[in-house]
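The letters A, B, C and D name the chains in turn, as written, and every chain counts its residues from 1.
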Amino acid sequence: MQKIKLGILGGGGDSLIGVLHRVASFINDNYELTGAVFNPNWEENIGFAEELGIPTNRIYKDFDTLIEEELKLPKEERIQVCSILTPNFLHFPMAKKLMENGFHVICEKPMTNTYEEAKILADLQREKGVVFGLTHTYTGYPMVRQMRHMIANGELGKIQKVDVRYYQGWINPIIHDKEKRSSIWRLDPEKAGISCCMGDIGTHAFNMVEYTTGLRVEKLLADLNYLYEDNKMDIDGNIMLHIEGGVRGILRSSQIATGEENGLAIAIYGSKKALKWEQENPNRLKVMSDSEPMQIYTPGHAYLSEFSLDGTKLPPGHPEGIFDSMANIYLGVARAIRNQNPRSGEYPTVIDGVRGLNFIESAVKSQKDGNVWVELDKQD
Amino acid sequence: MQKIKLGILGGGGDSLIGVLHRVASFINDNYELTGAVFNPNWEENIGFAEELGIPTNRIYKDFDTLIEEELKLPKEERIQVCSILTPNFLHFPMAKKLMENGFHVICEKPMTNTYEEAKILADLQREKGVVFGLTHTYTGYPMVRQMRHMIANGELGKIQKVDVRYYQGWINPIIHDKEKRSSIWRLDPEKAGISCCMGDIGTHAFNMVEYTTGLRVEKLLADLNYLYEDNKMDIDGNIMLHIEGGVRGILRSSQIATGEENGLAIAIYGSKKALKWEQENPNRLKVMSDSEPMQIYTPGHAYLSEFSLDGTKLPPGHPEGIFDSMANIYLGVARAIRNQNPRSGEYPTVIDGVRGLNFIESAVKSQKDGNVWVELDKQD
Amino acid sequence: MQKIKLGILGGGGDSLIGVLHRVASFINDNYELTGAVFNPNWEENIGFAEELGIPTNRIYKDFDTLIEEELKLPKEERIQVCSILTPNFLHFPMAKKLMENGFHVICEKPMTNTYEEAKILADLQREKGVVFGLTHTYTGYPMVRQMRHMIANGELGKIQKVDVRYYQGWINPIIHDKEKRSSIWRLDPEKAGISCCMGDIGTHAFNMVEYTTGLRVEKLLADLNYLYEDNKMDIDGNIMLHIEGGVRGILRSSQIATGEENGLAIAIYGSKKALKWEQENPNRLKVMSDSEPMQIYTPGHAYLSEFSLDGTKLPPGHPEGIFDSMANIYLGVARAIRNQNPRSGEYPTVIDGVRGLNFIESAVKSQKDGNVWVELDKQD
Amino acid sequence: MQKIKLGILGGGGDSLIGVLHRVASFINDNYELTGAVFNPNWEENIGFAEELGIPTNRIYKDFDTLIEEELKLPKEERIQVCSILTPNFLHFPMAKKLMENGFHVICEKPMTNTYEEAKILADLQREKGVVFGLTHTYTGYPMVRQMRHMIANGELGKIQKVDVRYYQGWINPIIHDKEKRSSIWRLDPEKAGISCCMGDIGTHAFNMVEYTTGLRVEKLLADLNYLYEDNKMDIDGNIMLHIEGGVRGILRSSQIATGEENGLAIAIYGSKKALKWEQENPNRLKVMSDSEPMQIYTPGHAYLSEFSLDGTKLPPGHPEGIFDSMANIYLGVARAIRNQNPRSGEYPTVIDGVRGLNFIESAVKSQKDGNVWVELDKQD
């Protein structure tokens, strides 16, 4: 099968997100890295390409040049899809221009800086019919897919309670020192937008709720936490969720949860069964019920859904991890590009991005208005 | 040492709470079961005493007779302390009359049906100078005591976030059937008071927050969950907490968390360290920090506080459980009765009861008023 | 119901084993502590009784006096059963004399110092028809009883592999210092018999194998570990087991497993299912099979055997511990004394003691003879 | 940096080992897949190359042709290293011919069918000076590297006990059916050599012991398990190890451990500290000592060794898995090929292969001779 020609924007040098995407693109043998603008600095850009050992003839000096030059190439040689790994404020203009010129897009989150921009991208994607993948990495885990499958399949009965948490501790060593906290870009509203914790990781938790349950959050009430008066960005918070069908939810997110690493976890309680999953131990899914012993599902077993099994390459007990999860999303995008009818949920879409921005802006609004309910829009 | 003469009110037959208190009173060799009214039905009352193999001469036909007859006895033979294990609505009148007559009291929670009653008991206890122990059982675990010690000792630095959960699933098999849910006393406001979930278990979670941190909750905002319109009692809910010193908290409690058994858990994040503990695995305490590996504290080690060690009888690796936790509270009450200066926190007091009722009424008020902040009183 | 009159030999002062037995005897309301020789020193003996707050008229100056005086009492007032908690070398003469005089016996392990003595006790017990309970405490856990039930019930199919471990670390801080290791009684063959590690804890592991599987070990091959030439007692070792029916087993035991607390654990693999259990987290039993998800059994659920449920007092999620486990054994003995037909396995018997001594002597012989197979006897 | 030209032998179609190696080779951007013989069947061979989307001009019809044709190419275009993923009996001739012709080798385990062959490869490797990497995948995990580092660094003090386990259950559904067990190649000595369980996975456990401790096993005593008389291959067994310096070890391995997935685990007890690690949860390392709380090390932290950190690409809490572990080994081989002085232990060498075969043959000999001690050779 012809590999899909992939371009990468950003992600050069020591960029962690760069490694994650590059490796994910290789894993299922679907993509070849064809061109890139790894870095606005030309020497670092070309130097990184050489370090990777890839041909440098399609390393471009900037994004506009990449578009211009690639369009000159015959369609079968041209980059088909670009992964946007640049600073957040560039996501919107790049994604927009890529789609306008007929390229497919893979975009890191947050998709845009504002809800308005997000809606523009959604309209454009619908108009152009290109594939748009948003890399909510955690939805690629086999056990997360199993959750989505089981709920869609009715195995939990009616969902009645959702509890999601995303706790990190990395801002704790920074926040208590006035100088440090005033110099970090993540806490500078000019550079990082209106929200730190909710924008960066709360949105993953929000997405996990909607991804697994298939239900939309209808409104939210946020209590955000800033710790110091001179700090203008939320670094922690609790958000009550009212979800369609009368489901109640609670979302907790923090970047000052001292000692926590990357603690995304979700518990979903239905009238028949319940599910519990933690990102830091992603290959175990707890399945609970009123009267039966708790079961521990692990990847690669015949008792799992096809959708879950599709995301596992090795037999049970051979732990796959976050690269493999991201690779599953890249595989979904590849199938979409090849018109192979990927399953619903194989990759997060532009709509997930729109939802995420709607969530972030609503959370901040709820806080500003005094911890009151704010309704989310109903995207179709 | 002379054993303390213990009376028991309620707790006969198959009563689980009866076993728990009786065994707890034996464990540290401090009490002798001297008299009781196990049951309003005389035959069951006396039958149970015989089944236990205890002398029946001080098994009384009712509470008033017990008071009357015991007061006739010389002081050194008289029951010194009574454990109240009766239905909730009897807690208040019994505790009141006991204190008025100079008896010490051990009382199951909720201490009373209303906040008003609770304050009356608190005033009376102060006036009479008797010992009043409220059995928030979970505060007797050695690792919970270690948490309280470490926080008081400043090891966590400034507390910045508290996250507590108490999830059970036992109402799930009942709630979805209209007939069942309308016939259970727990869901009948006439019999069970104004709250089910928050009154029964949310209050344990609330107590755990104040017990471990030593901080008072200042206000709360509740989102309670009833699932069905005809159900008038909360069976699940999320409560935002604002705690003194600008600390933010979140309390989650449920009795429809399908498959959960008795899932009380707390995480406390400070500027220096964090603590995580779960009741279902009570002999492990996670201690976390920004830069060091997570540590697992277990009971009985020299690195623990004296207060924690005092609650462990056997060497490390010999799991003690909930009976031993309750026994630690009974031990604290015994020391108080004997004027042996128990440590602060060795047993929950009437003030913990007052706080609990203030919490329950505030949570229900917040819900009724549309999920708004409600301030708690500052008990001294 | 009349309580059973219990005498205690040893276990005074700070004795941990004393607390464990005393509390266990109270828990199910079956015993009353009637008489004792807590300590050979009269002042400590009587002082301890006073500290416990029990009547001192039947605290005797020594064991022989206890026998003599109790026999003078009318049968209905007399001590019925004695718990032997003295140093090991006294177990045999005390148990012997007690049985000869018609008393029931509860005995700590090791039952005797030698296999020969053990067999004498077994013969005597058979002859006298008294009840003899050996306190292999861990067999009282509800999940251990569930294992025994499931295997007897055929749920595992044919057993094919057993793996048992008992790791402690407490000798590690002692063994590397010549002076320390030569002054501890456990490492003195004069005082502690022929084996340290296997005699003290290996025998628990051995008992766990035979208790859960219902199968007898036929022969063993031991590789014992002494670490230093001047140390004459095993402090660690691995033992291969050939079990009846062609089952293979491995037993690992250590007291120099640095950092381990009380790590008894067993895994049993059958042709249909497998079971895994750990003493330090005793309320979880893993049930595994080829094709189904792993299940976690926890106490108190309707899906458990009656035998397991009989050992749990509170609902699921209320952790009971080692005191409750020992109390279940005391309950079994009580039922036997009352002729209430306790289930097989409700308490370990004199035969378990005989097996244990046969195991210890065989292990030491295997080591002395150069790690060769040694056959165990077939007790009936 | 120029990528290293990689050839692959075997691993076509659905081969799991093929995916594992291919992905591992991509992950750190060091290799390009240049040529291959994926399959002896030409159509499947070329078809698979097309499916992967790689150029087919250097897909060869067989191994000899690959050697022949590659040697015709100028050195800078030629394949530098070949990964041998073929059936076991081909490892020896292929590795031999590759080295004789100056190619570097990456070889799956078992390295050869016999100890004799293994020694021939070792001699040849020394003579030719090529790089020879043996893919004991599990040694690439960051936490395994941390164990090796800590022990080499003296943090555990003197090692005194090693306990390693490798339990799988996949043969259980096969072994009890005579027809099934006689038709599987793994249980056919003609096809699979002298050992099934020890050859296939016991050897990983053995390697883990020597890799982490840096100590050589001196002799072993094996008790192998066949379950049925007509089964000629071990499918389970226990092996006692005497390790240099008087260290005692126990190795347990099984393929009939019902319900186990891929349960490799090791515990190492030293005079100062102990370590415990499990492959199925590879990102947690337990560090224990006599007096301090247990610590949980996780990847990516500053408290870890450089060697461990080198094997982690993402920040703490982003679980990497078995592909990343294998990729670390490929990285070590790449550094060796590039003369970049890889650390000792960055990749297993031909000597590890020789040790493994010595182990397997010794285990089988010990069993045949009646469970007696067999000495291993001292490879230098």
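Basically, contacts are C-beta pairs under 8 Å (C-beta built on N, C-alpha and C of every residue); 3 or more make two chains touch, one makes a residue touch a chain.
Not measured: the values here are computed from a predicted model.
Looking at A-D and A-C, the interface holding more C-beta pairs in contact is that of A-D.
For chain A, the chain whose average C-alpha position is most distant is C.
Inter-chain centre distance (chain A to chain D, centres taken as mean C-alpha positions): 35 Å. Measuring from the averaged C-alpha position of chain A to that of chain C gives a distance of 55 Å.
Residues of chain A found to touch two or more other chains are 260, 291, 294, 298.
On the side of chain A, the complex with chain C involves touching residues 287, 291-298, 301-303. Chain A meets chain B in the complex at residues 160-161, 163, 165, 169, 172-173, 176, 221, 223, 225, 227, 236-238, 240, 246, 248, 250, 252, 254, 256-260, 267, 269-274, 288-291, 294, 371, 373. Residue ranges of chain B in contact with chain C, taken from their complex: 1-3, 16, 19-20, 22-23, 26-27, 29-30, 32, 50-53, 168, 260-263, 279-282, 298, 313-324.
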